[in-house]
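Just dropping this structure here.
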Amino acid sequence: MQSKNKGEISFINKVRIRFVETDPLGIVWHGNYIQYFEDGREAFGRHHGISYLDQKEYGYATPIVKSSSEHKFPLRYGDVATIKTIYVDSLAAKMIFKYEIFNQEDVLVCTGETVQVFVDKIGEGDLSLTIPDFFKDWKQKVGLLNE
Amino acid sequence: MQSKNKGEISFINKVRIRFVETDPLGIVWHGNYIQYFEDGREAFGRHHGISYLDQKEYGYATPIVKSSSEHKFPLRYGDVATIKTIYVDSLAAKMIFKYEIFNQEDVLVCTGETVQVFVDKIGEGDLSLTIPDFFKDWKQKVGLLNE
Amino acid sequence: MQSKNKGEISFINKVRIRFVETDPLGIVWHGNYIQYFEDGREAFGRHHGISYLDQKEYGYATPIVKSSSEHKFPLRYGDVATIKTIYVDSLAAKMIFKYEIFNQEDVLVCTGETVQVFVDKIGEGDLSLTIPDFFKDWKQKVGLLNE
Amino acid sequence: MQSKNKGEISFINKVRIRFVETDPLGIVWHGNYIQYFEDGREAFGRHHGISYLDQKEYGYATPIVKSSSEHKFPLRYGDVATIKTIYVDSLAAKMIFKYEIFNQEDVLVCTGETVQVFVDKIGEGDLSLTIPDFFKDWKQKVGLLNE
């Protein structure tokens, strides 16, 4: 579902923790949160029309250039976690998202951020130094650009 | 290293078990053995000139159409396993490999088999119903075809 | 949802293919189907009261001793696959499941089977050579034992 | 091998990129670098006597509470990457490591950092607010504590 905070473009989805995602300590291995961030970002993207497959259609890929996570509490097998993915607006030719992951008791267990750049797959595969048209259009559509 | 059994084309390599590959039971999650089979097959392929990247150069991909594994004993974090990859010759347009995985005490812990087919990536992406030339050449090179 | 075939104990669930589960050929890496089998088996288990966590409560683990898969068509990123997990009854001290995975056009893309044994986690961690009581009770509950 | 920079405690190891670690863009999926960091940290740990299994013997686990990565260039299937793991000393009850990953042309492709805390597994599983004795001993052994 879409979040209701005014002016914030976000999306909330749920993910069931898989057995294979937990480690000998009985908790989710920290690297798997990067996967949950991607699950959240893609759920956001499908809802808001800016997913990997949407970008691909416009001739762009958006590789991750930066990623970070902070872990406050563990998740365990059997948990169903809630991922909140929040779009962070920027003037740069970048896509920035923040993530908040909650356990079933609604406790914040993990936060994170990713930064993506635009690579033109139709052209030379070059890094785009300006915001591509399709992303400007998207910003306008979701109310982030006013003219 | 290459195995010495007469008439058998095989290869032996070692793989260190990763923490993330073990599960809450403290043992390697069974699905990860499919990865070890691929590690073995690619080590075989690099040694014998028939790896994924070699096949790609010839314009072919070889997707797995069948795979099986039997688990006799577990592997744990900290173990260094030995993978023996054995080429199984066939008249069909297929690549078949058998695998034997041993723990540090040289106990056989897992066996498996994979079957791959040839897909022509230069043409229509079609399944090759006959053995591609590059694979015939390879068979000849390793002594499996005599004329 | 539960399947309707008479006398068959099965369960149907859906899984959305993740980006990370696809490989440079653009298709799901074959080893990931083992994960989908587990997704199906655990969905079956949660529905029918025989999941990993249920077993754990009874003091048992059920490691996989055999697993096989056959691949007929690929799955791609963006697909939502349907997994049918079918319980295969046996007189042995084993849990056997068959799997059928369908793509969005309802085409059967993959079949598989897994065999699990019972290990007593409260006792010595020994392999159980007879069917544990909790599993007999479960068989009775789902109508597989008549007395 | 151990690095020679004066006063720096580090370790260098190599990792061969696996097919399954690359994505449909043909490059290593960003989340897998977290695995390479762990590969580097554990190689460091085995060399310097402070690995996961060493910590476990002392009754401690050291879960990751923070992790970050920056990606400058991609790695591809077939690459053999070099991981440099650098211990970052701190007065806090934490283990901090920095990572530098290089491709075969010795180009820096990724940097990262992880922060771990100490959890007493013998006691109540509590977070240790002071540096555990075993880690003080280790610091002394590697020359980081002088009295």
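For reference, chains read A, B, C and D in written order, and residue numbers begin at 1 within each chain.
Everything that follows uses one rule, which is that a residue touches a chain if its C-beta (ideal position, glycine included) is under 8 Å from a C-beta of that chain, and two chains touch if they have at least 3 such contacts.
Since this is a predicted model, take the numbers as computed values, not measurements.
Visitor: With chain centres set to the mean of the C-alpha atoms, which chain is at the far end from subunit A?
Guide: B
Visitor: Please tell me whether B-D or A-D has the greater number of C-beta pairs in contact.
Guide: Between A-D and B-D, contacts are more numerous in A-D.
Visitor: What whole-Å value do you get for the distance between subunit A and subunit D if each is reduced to the mean of its CA atoms?
Guide: From the centre of subunit A to the centre of subunit D is 26 Å.
Visitor: Report the inter-centroid distance (CA atoms only) between subunit A and subunit B in whole Å.
Guide: Each chain's C-alpha centroid was found; their separation is 36 Å.
Visitor: Just curious, how far off is subunit D from subunit B if you go by their C-alpha centres, in Å?
Guide: Roughly 31 Å separates the two chain centres.
Visitor: Which residues belonging to subunit D are in contact with no fewer than two other chains?
Guide: 19-20, 31, 35, 38, 77 - these are the residues of subunit D that touch more than one other chain.
Visitor: Spell out the part of subunit B that touches subunit D in their complex, as residue ranges.
Guide: Checking each residue of subunit B against subunit D gives 18-20, 35, 38-39, 42, 52-53, 77-78.
Visitor: For a test of understanding, state which residues of subunit B touch subunit A in their complex under the given definition.
Guide: It is residues 19-20, 22-24, 26, 29, 31, 77 of subunit B that touch subunit A.
Visitor: Where on subunit B is subunit C touching in the complex?
Guide: 25, 27, 30-32, 34-35, 38, 61, 63-72, 74
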